[in-house]
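Both complexes shown next keep subunit A, but they swap its partner, so subunit B is in the first and subunit C is in the second.
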Partner chain A sequence: MTRLPKHSTSMVVWLLLLTLPFWMSAIGGYTALGSRVVVLALAAMSLNFLLGFTGVLSFGHAAYFGLGVYGVGLTLKYLLPNTLVGIAVGVLAGTIAAAVVGALIVRLRGVYFAMVTIAFGQVFYFIAYRWNTVTGGDDGLSGWRRVPIELGVTRLDILGNDKAFYYLVLFCFAGAVTAMAGLLASPFGRTLLAIRENERRARFLGIPVDQHIWLSWVTSCMFVSLAGALYALLNNFADPHDLRWDQSGDFVIMAVLGGMRAFWGPLIGAAIFVVLQDYVSSQTENWMSFIGLFFILVVLFFPRGVLGILRRKSAS
Partner chain B sequence: MTQLILYNLFNGLIIGAFYALMALGLSLILNLSGVINFAHGGFLAIGGYLAYTLMPHIGFWGALALAPVLTAALGLMVERILIRRLYGRDPLYSLLLTFGLAFMFEDGTRYLWGPATVPFAIPDWLSTPLSSDFFFLTGYRMFMVVLAFVAVLALFLLLNRTRLGIRIRAGTLDLETVSVLGVNVRILRNLNFGLGIYLAGLAGVLAAGMLGLQPTIGSALIMPSFVAIIIGGLGSLPGTLMGGLLIGAASGVVTVFFPSASEAVIYVMMGLVLLVRPRGLLGEEGRF
Partner chain C sequence: MSLLRVEHVTKSFSGLVAVSDVSMEVEEGELRAVIGPNGAGKTTFFNLISGFLRPSSGRIVFDGSDITQLLPARRVWRGIARTFQVTEVFPELTVRENLRIAVEVASGYRLRPWLSRHSAGKVECRVGELFEMSGLGPRADRRVGELSHGDQRATEIMMSLALNPRLLLLDEPTAGMGDQETYDITQLIRKLHKEQRVSIVLIEHDMRVIFHLADRIMVLAEGKMLAEGTPDQIAASEAVQTAYLGRAA
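And now, the complex of A and B:
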């Protein structure tokens, strides 16, 4: 039985996230690291909407994340200096691409689905990588930055003030996460769980399984491209590696590490992963080996993730 | 112009042969054990680097013979220690584990042999052009084509004529029955994994001579190999072979007219195949 967010757990999570800028520096972090955790947590939770709650394994979510990244970057650089329009373009780009790709792959299952999502993800990587004149190629897209948001009466200085930007990120995160929780609690979400548990039975009950998986895929990709858009704003930079397959793997490991069957699992996974990566890459040049080893250890020893283990303990 | 197209077509076919060698190994492992081996590219790179290290001591031919075998031995070990634990579990876990392995291999080769491209010397008599009109027909390229062809032929003979090969093929259809009939499935899967890695190692040695040897050589070749499998059809080795050659040739020809799309074209082809025939060109209906 999947547990949707209980009120007490959610209260603690929200309280921690709301106060994050005030205690982050006390434990040796910085506000931008907090923003990074929240953005990547949004990406991992979006992936988990599909992976943990629909039971469909996508290994290509970085593509839609990356479309969000480049949507923002290209809009702010060439089109018009408006952060909100940039986010909208990024999300739209990711969602449309996902809708098209989804229609092609929705009939595939299991390991085949995973392989095709990986392969399709690479198309967008090569476009970003090869189209030098527009996307900056391998060097990435720079020469633009996030623009303070005019709210009529006041001005949200997300460029100069890290905390203001953090709260913009948290605001988007809250909206997306609430929407996903609402969807999962709705009949639609329950149907997705039914498909995850027993696809054949769901089909016999007359549920249009392919349509549901397609909708779940597009929803998941839409939120992941929102995460990508925020990620671009966080870095003031669009990196082609944001849409490469290793990034997809990072999202999956975050979800698994935190616990894919728990709503807040990917958030915990993202926090651990981001802090670890930040630390290891500051300590050694061979951080790739450590991250690789970390993947292997997680698979061998923590396949249920942090929350999976905790829940099992509390159940026994 | 014709010459240019021919040149790129030929080049593409050779690259396609690498894709095919790699994809055949991936397919073998996927079909029998249900594992997508992300680390396949890493094994390929290790094969190339082992040959590079061995060559000053035992010469090109010795390295060509020995390096793939050593790579396969490493593969047998990795299967025994790590991959074996994941059979029968959600494919998610084997994907993540081999993904981590791929990271470690790439970083490991970078650590041991350095990040720059290393010179990979092939025998002189192999690198001279055979004809002045068709300057691209060097001995080495012809040699690669022949060797890849022989390797594929040997693989299909092995699978169709030997007891091991027949067991592998039977296992891909119904592993449980094969096990009940008294075949040691653990050893079968182990050997099958080693066979797949051997092909990767062989492709690594050949690719090192043509593309230049650097730590990222594996990750550059693995994605097209996935595409080759998908286009050819999951579960079909002839399909995989065809898929590899097809995308190699297509990307070669596209290079002539539209160089920056040479990578993207194979994914477009994959999209078309999935649209028209989701099981792939030679894939069996309902297998996946």
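And now, the complex of A and C:
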């Protein structure tokens, strides 16, 4: 049975996320680290909409994540000092690019699809990397910051107040994740599961498979570009690395680590990834080898990911 | 006017002719069996009708319109559903989910991001009917991948039926089954044919099944049509005896 958010798990997850700024420091973390977990969790869960629930592997999601990043950066730096407009531009840029690229590659399957997503991703990376005058090239795009949001009666100081920014991030996360859960529980979402399970059967039920994969791809990329937009605001910086193929690989690792058949799996994966990175990288430069080792152990012994183990334990 | 008219179709794969100049007419409400030794081109013939393959030459007419070049999904929309020699279901999903997906697609809901209570109720009701007809009810919430071969096959047939097809193509529905399962599936097919008035074309090896079910039989051998007629005519035909029945017995 495919696991959509079960009420008990979801309750715990929401409770922990809502209260996070109040206990994060008690366990040695800080609020911005929590924001990072939530942002990257959104990226990994968006990827998993395609990977875990449509059965299509993309190794190029960083491109649309990065378009979200640069959409925000360029808007705030050159266009308009308005955070919400920046987010909108980032999401729009990522979604439009995904719609076009998706139309070109949606006929491909399996490893061919994955390879072409990398190739397209690298195109966007090199544009950001080379176009010095606009994107800042290798140095990244700096010289801009997120701007407090005016809500008419009150002012949301997301720049000076880490907690306020965290709750903005969580608000966006909640909207995106609820939308994805709703889609997966709908007739459209079930056609995606059908395609994942057996493409031939799906086709001979009268589902135009390419069209549905394209829609899933665009949905997934739209939410990953939202994650990118929030990531840029978190860092007050746009890094060309955010568009590169190894960033795409990180999203895949998070999803698989946490459990790609479980709705909340990629959130767990992202939390482990970010926290390990934060703690281990303060001890050694080679933090990636620890993540790699952990990843290998999970894949070898618990192919359904961390949440997969927990689920099995609680079921038996 | 016949429901399905296959006109002189030929399919060759880089020189190898799998189906050669075969024609067939299926009337509304008919149950037609296609038999023949292994490698006779039966499954290729099915693939041409369902759109899995395109013929090298010839024409396929369904309900008066030419469907020779249509994609599989579009043929499904016109009313042609099929099952496969190796059962094709959604193994990780439950029987209920398998059927529900088929019913939702058939109801035109495949792109809906949500469903009104009324529509969901209609889907539920139709799924219930399918359970009723097939006897799969007690296993509704089991994953299809865990079920017996016979129940998986029954699920696949019911998914195809959920599409409200006018023509159902069944590729060896009893292949690899024991006596009891074969009997159950045969009864199910008979019931669908009699009660739902679906026209059926089936490929089959089990002679008991064929003689029990078929109105007419077409015999293929080495890609060509060898004979066509009622079960009695086919059983009496000498050409068929030597090419197929004799050898099989």
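Going forward, the second predicted complex is superposed on the first by the 299 of 316 C-alpha atoms of A that agree within 3 Å, B and C clash if a C-alpha of one lies under 4 Å from a C-alpha of the other, contacts with A are read in each partner's own complex, and residues count from 1 in each chain.
Methods note: contacts are C-beta pairs under 8 Å (C-beta built on N, C-alpha and C of every residue); 3 or more make two chains touch, one makes a residue touch a chain.
Quick caveat, the model's predicted, so the values are computed rather than measured.
With both structures placed on the common chain, the touch criterion links A:155 to neither subunit B nor subunit C. Contact with subunit B, but none with subunit C, is seen for A:105 once the two complexes are overlaid on the shared chain.
By the document's definition of touching, of the two partners only subunit B reaches A:116; subunit C does not.
After overlaying the two complexes on the shared chain, residue contacts for A:190 are found with subunit C alone; subunit B is out of touch. By the touch criterion stated above, A:198 is placed in contact with subunit C alone, subunit B being left untouched. Residue ranges on subunit A touching subunit B, taken from their complex, read 51, 57, 59, 104-105, 107-112, 114-116, 118-120, 122-123, 126-127, 130-131, 245-246, 249, 252-253, 256, 286, 288-289, 291-296, 298-300, 303.
Residue ranges on subunit A touching subunit C, taken from their complex, read 1-2, 182-183, 186-191, 193-194, 197-198, 200-201, 203-209, 212, 215. Interface residues of subunit B, counted against subunit A in their complex, comprise 30, 34, 36, 82, 85-86, 89-93, 95-97, 99-104, 106-108, 111, 223, 226-227, 229-230, 234, 260-261, 263-264, 267-268, 270-271, 274-275, 278, 288. Only residues 50, 71-73, 76-77, 81-82, 84, 88-94, 97, 100-102, 104-106, 109-115, 143, 156, 159-160, 163 of subunit C touch subunit A when the two sit together in their complex.
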